[in-house]
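Shared between the two complexes below is chain A, which has chain B as its partner in the first and chain C in the second.
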Partner chain A sequence: MLLRTQRLIARQVWTTAFKNRAVFGLLIGIGLLLTYAAATGWVNVRQQNEIGRIYQQQARQDWLGNPDKHPHRMAHYGHFAFRPKAPLSVFDFGMESFLGNTIFLEAHKQNSVNFSEAGFSTGLLRFGEISMAMVLQLLLPLLLFFLGFGTVATDRETGTLKLILSQGVDWGQLLVGKSLGLMAVMLTLYGPVMVVTGLLWFGLQEGTVSADQRMRLGLLMGAYFLYLSFFCVIAVLVSARSKTAKTALVSLIGLWLMLTLVLPRTSQALGSYLYPAPSKAKFLADIQADVLKEGDSHNPNDPHYKRLKDSLLTAYGVDSVQKLPVNYSGLVMAEGEKISAQLYNVHFGRLLAIYDQQNRFSKAMAFMNPYLAIRNLSMALSGTDFAGYVDFQQQAERYRYEMAQKMNDLQIHFISNKKPGAAEKPHQIDKKHWEEVPDFSYQSPGIGRVFAHETISLLAFAFWMGLLGMVGWRLTKTLTAI
Partner chain B sequence: MIRLAFIQFMRAGRYAGAGTRIGLIFLLTVGIISLFVGKQFSQRQQQAVADVIEFQQTDFPRQAAIHRDDMGLLLYYLKFSVVNQTRPLTALAIGQRDVNPSVQSVTIRALEGQQYDADLTNPANLLLGNVDFSFVLVYLFPLLIVAFTYSIISEEKENGTWSIVAVQSRNLLGFVGQLFLIRLAVLLAVLLVIIGLAVPTLGTPLDGSLGLFLATSVGYVLFWFSVCFWVASLQRRSSTNAILLLGIWLGLLIVLPAGVNNYITARYPVPEAQATTQAQRKGVHEKWDTDKTATIKKFYAHYPQFRQVPVVAMPFDWRWYYAMQQLGDDESAEQAHELKQKLQQRETASRSIAQFIPTLHTQLQLGELARSGLGNQLRFMDYTGRFHEKMRLYFYPRIFTNAPVSAEPWTNFKVDTFADTAPSSPVAVLGPLLLFIALFTGLGWNRFRRTIYHL
Partner chain C sequence: MLQAINLTKRYGPGQLPSLDALNLSIQPGEIFCLLGQNGAGKTTTINLFLGFLQPTSGQAIINGLNVAEHPQETKKFLAYLPETVMLYPNLTGTENLDFFAQLAGFRHTPDELHTLLSRAGLQTEAHGKRVGTYSKGMRQKVGIAIALAKQAKALLLDEPTSGLDPKASNEFSAILTGLAQTGTAILMATHDIFRAREVGTRIGIMRAGHLVESLSASDLTANELEAIYLQTV
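What follows is the complex of A and B.
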């Protein structure tokens, strides 16, 4: 039978693990935690998406419910965009709580995405959140270390190791067997979590599951399986290298703390220390300064807009803006919107580039720290990472721009250049035009984006497989029984 | 005897094969790094304030020159800024200050559409958290305390030296106490060095707040020592102690706080936030299509003093416009109030729960003392509201009479500063910690008295 010896050793790890009553307690504890995580995740995603859906509809009805009016009034009436949560955010909350979910879209102005959970938090949020992903990323590795610290070291201490090796078992078989046994224990938690995730994920999509989502779930399952297997192997290798079980335990605990607590924070802190981002006041002031360099649409004497006026007058062969067949201030606003939106996007792009630099350290750290690799990959696959958020911001900004320009366009073509007299009706257009602006609906990006953004994390997984395999192979040559 | 025990402690190899000294140097280094992080944080805050001052200084005269004949239009554009004062102590416990904007810039238009504007942040920084002093204290100090004390008796037993110690010592419990006190003294010295260094590097004034901050930190360290003392009294093996203590650390710093956070988020959702902005928008914009006199009438009901101000000719009917803006706030006041209440409930709930979880309690109280918690944010928002009202009341009569723009000293409008002076009671801050310290020390003492001679 294939791998007979290895399976025998694996079975021994399994039975030893479950002989310990404390292990049952730990498993039940983690199981309860996972249930809690699943329940709160489910409630939270449903609640937030429901709130978003209701207000999105409400905002749309409000928009359509406007009577006949001047299109520029509508441009200021504006619209809202609510960021929906992705189905897999039930599994990994990722950055969700630190990202805003509501943005007001109006002419001339790129508003901030407001109302992040963090802004409403008492500070508790900074301790972290319990999601199923958090349990798998953070707590399960520690549990595996607890279960695995003695796998080889205890055998060495009790002298069993000498017996096993003298019976013809080689180090390769021993390490593989011990790792497989630990992985079998790991599967008792990993399996149910993935089943539950799959069910909740399915439930949140209400029957229509896209191929993209299926790929995401599949990759997520694969990535977590690999990640947890890494920790099984690490536990066995450290145990094999340690003289006593106690040394193995202390080393593994120290390693776990380094990987999950110290390295992630310090690498991110280093990034933000080295690449300072501008303050909001500076960011906005810089944009305004650039816009003013191009021309101030609110200043009647601005040279840029004077040129625009002159060229229009020449083109239409008239001597004053009142005689133009198109609405002059509509044209001015369209030009202003174009310039300011373009410059905003340039500055926003620069800001994102700074953030990317800040995040570079913790991303590259994935090669030193599998915790960061899974963390980034898992967020990206679950649609709860920064890239997904930026995508939302960009879609909202495109929508805002098109809405504003549509209103300008309506003004250009349907509003007269003559100011109405005091007794006259104000300029306005028919309310049927409001329907010409489609509702905002967020299109979540495809999985291709994940590969593009998380190449490093994916490579890190390959690297860790290779590294652990190599270290294990090297150890089989150098390890001794005592 | 104490001297020998001290030397033995400083020389022994304990943590992950490395010596005590490596652990201490690690802690001290990260502690000093945390001061740099804090220093950079306050510098960025100062920069943000300088940026906003500079903007206001250049933007006000520029706008005033462009809109020199139209006070109403000018005030449509002018943004007045308020700064939530950053104290040197804030750099030690950054708390929520990196999430919530420390500068609010508002025009005199409807407040509800402006005051929730988010700051520019990199969420990856927020997610992974700051390496500030409170992190070092709350997360790392306990780990070192555990590493230094988990095997105090058990290791002697495992090495077979405990019976010798027991036989030779006249006061065995006192001896055990001394072993703990040596470690306590060393770690408190590290704590004092870090906070001592904070005084010159961050310019922290030696005042009552710092005193209470220090007392809380010491209390927190004592709390962990009392827990370790109790675990030692259970007289288990070293590895059992290590697992038990790490389990407690995990429970108190990862599992329980995160669980409480999930609970509070789910228990107090805030749909009021979205409700407020939508109500505000409708409140303002639908007035374009409703009866003008009705709008003005409602405005006068809110501000009877402006009824007397005579109507003058101006480029646009600004009285009507600002009445619309005012009604945006008035008509969303109910939702805004509910939102504030919800946040207050969150604050109250987490505080009461935190009393039973010393780690949470310490973090929240340090944030409160450093003025970086939700309480400070809510008070800052209230202050911004009052500031906004003040600006409105100052400018409304000038707009309604279209007062000459040039008569206003635009460069005299300074950026306002909010200094949070909410008092904190030492009893509420230290009480829960002291109770837990007494509890665990008592439990440990009691148990030791019965088991100390179990060899």
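What follows is the complex of A and C.
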């Protein structure tokens, strides 16, 4: 039979693990934590999406419900952009709670996403949230190390290893068998988590499951299986290399601290040290300075806007702006909006490039640390990563720009150049025009974006498979029973 | 069955050999007892036969096959009993026996497993109890049952009687004698001069990696053997 000896050894690991009471306690503890994470995830996503949906509708109604007024007042009235939470954010909260999902959009101003959970919460979030992804990424590896530290080292200490090897088992069979056994134990926790995730994921999509989402879920499940399997293999290999179970345990806990605490922090800190990003205040001040360099739309003698005025007067063959057939201040504002939006996009692009360098640094660290690989890939697949946030911000900015320019356009064509007298009604246009601005609807990017952004993480997975395979193979040649 | 030809093991370059040109031959049915102080090379010899160590020079041969060249094949003819047979404390005697027998490629019915344990001298009530509750002697018997299950032609024992009470030790000797009568070649490292004289067909005394004496057990009394031992080491 295929892998007969390996399966026999695997079964022994499995039985030993489950005959241990402490293991049961740990499994139940982690199981409860996972249940809590699943419940909060579900409630959170449902609540946030419901709130978002209600307020998006209300904001739209408020927008349409505005009476006849001057279009520029409408541009300042503004609108909200809301990003619904992706179905898999029930599994991995990612950065969303800190970055937010709602932006207030108005003329002249690019507000960054400004309503986040972290900004409103006081208690729980300060200690960090507990998502299923977090438990799988951090706690399960620790549990696997606890279960696995003795797999070979205890046998070595008690002399049972010599007995096993004298029965004609070779090192390859032993290492594979022990790893498979540990993986089977891992699956008793990971399996149910995946089933629950699948159910919640299905429930959040209300019946219409896209192929894109199916691929995301499938990839996520595969990635976590690999990630956790790495830890099973690492535990067995370290155990095999250690003279005693105690050394194995100490080495593995040290490794766990290194991989989940020390390396992620240092790589993040090193990333921002090597590629410093400007502060928010400096970022906004720089844009303002550049806008003023281009021209001050509020200064009538500004050369940029004087040229605009002169060319308009020549084109329409008139001698003053009051005689223009189009609204002059509308044109000035449209020009101003165009310039500031362009400059904002340039600066924002530069900022993103810096972030990208920082992130690329910590992404490349995935080759040293599988934890970073799964963290980045999991957030990307769940749609809760930084790239998703940026994408939302860019879509909202495009929408904001279109909205502001639409209002400028209405002003250009429907508002007279003559100032209304003190007794006259102020300039305004019919409220039916408000419908000409479509509602904002966030288009979630396809899984292709994940592949593009997380190529390094995916490669890191392949790298770790190869690395562990190679180390294991080398060990089968060098390990001894004594 | 078991043969050592100029078998030498040096753990590090420049060090004195732990085992120096050992020549030894054990026929089927023979029990060869190795006596000697700690560090005399007894365990090294057994580890070389098991293939856990690579000889610096010379050969360890089992059933005509060089261990260094055929480490897996030679294990088929071999059973090994370490000084402390710890086994898996969470499994029962039967489960442990089944596990180790299956590792060697033997499947047994529950009845066969019970028979093997009984043949090794383990009382029936203990078969279904966790090995963690066993005494050393009882674990030793499971170890014997594992060797029986494998139908090994050669048996290597590393101080199997240390820590056994006299009764368990006596039972153990009886089992070994029985195994030898069915044609098993047995190599036993031990400190127990009395037991060696009782059970052994030949007795070797080792000192600093050399086999300095090789005696026929039947020619000696235990007292004579002790006198020779004390002179030698």
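In this text, the second predicted complex is superposed on the first by the 474 of 482 C-alpha atoms of A that agree within 3 Å, B and C clash if a C-alpha of one lies under 4 Å from a C-alpha of the other, contacts with A are read in each partner's own complex, and residues count from 1 in each chain.
We adopt the following convention: contacts are C-beta pairs under 8 Å (C-beta built on N, C-alpha and C of every residue); 3 or more make two chains touch, one makes a residue touch a chain.
Since the structure is predicted, the reported quantities are computational estimates derived from the model, not experimental observations.
Trainee: Give one word, clash or fit, describing how chain B and chain C relate on chain A after superposing.
Mentor: These partners fit in the superposed model.
Trainee: When the shared chain A is used to line up the two structures, what angle, as a multiple of 10 degrees, is there at the CA centre of chain A toward chain B and chain C?
Mentor: Once the two structures are overlaid, it is 90 degrees.
Trainee: With the two complexes superposed on chain A, say which partner A:D439 touches: chain B (first), chain C (second), both, or neither.
Mentor: neither
Trainee: State whether A:D212 touches chain B only (first), chain C only (second), both chains, or neither.
Mentor: A:D212: touches no partner chain.
Trainee: Based on the superposed arrangement, let me know which partner A:G100 touches: chain B (first), chain C (second), both, or neither?
Mentor: Touch status of A:G100: first partner only.
Trainee: Which partner chains sit in contact with A:D170 here, chain B, chain C, both or neither? Use first/second/both/neither.
Mentor: second
Trainee: Of the partners chain B and chain C, which touch A:E294 in the superposed model: first, second, both, neither?
Mentor: Neither partner.
Trainee: More residues of chain A are touched by which partner: chain B or chain C?
Mentor: Tallying touched residues of chain A, the top partner is B.
Trainee: Output check: A:A285 vs chain B and chain C. Expected answer is one of first, second, both, neither. What do you get?
Mentor: first
Trainee: Applying the touch criterion given at the start, work out whether A:K19 contacts chain B, chain C, both or neither, answering first, second, both or neither.
Mentor: After superposition on chain A, A:K19 lies in contact with chain C alone.
Trainee: Is A:G159 touching anything from chain B or chain C once the two structures are fitted on A? First, second, both or neither.
Mentor: In the superposed model, A:G159 contacts chain C only, not chain B.
Trainee: State whether A:F386 touches chain B only (first), chain C only (second), both chains, or neither.
Mentor: first
Trainee: Minimum CA distance, chain B versus chain C, superposed model, integer angstrom?
Mentor: It is 17 Å, taken between the nearest C-alpha atoms.
Trainee: Jot down the residues of chain A that show up as touching in both complexes, chain B in one and chain C in the other.
Mentor: The answer is that chain A has no such residue.
Trainee: Okay, in this complex, where on chain B does chain A touch?
Mentor: Chain B reaches chain A through residues 15-17, 30, 33, 36-37, 40, 44, 47-48, 51-52, 54-55, 59, 66, 77, 81, 95-96, 99-101, 103, 105, 113, 116-131, 135, 139, 143, 238-239, 242-243, 246, 250, 253-255, 257-266, 269-271, 273-275, 277-278, 281-282, 285, 288-289, 343, 346-347, 350-351, 360, 363-364, 367, 372-374.
Trainee: How about chain A: which of its residues touch chain B in the complex?
Mentor: 33, 36-37, 40, 43-44, 47-48, 51-52, 55, 58-59, 62, 66-67, 69, 73, 76-78, 80, 82, 94-95, 97-100, 102, 104, 111-130, 134, 138-139, 142, 146, 245-247, 249-251, 253-254, 257, 261-262, 264-266, 268-269, 271-273, 276-285, 288, 296, 298-299, 351, 354-355, 358-359, 362, 386, 389
Trainee: Provide the residue numbers of chain C that touch chain A in the complex, in ascending order.
Mentor: 47, 50, 52-53, 72, 75-76, 78-80, 82-88, 90-91, 99-100, 102-105, 143, 146, 150, 156
Trainee: Within the complex, which stretch of chain A touches chain C?
Mentor: By the definition above, chain A touches chain C via 5, 8-9, 12, 15-16, 19-20, 158-160, 162-170, 480-482.
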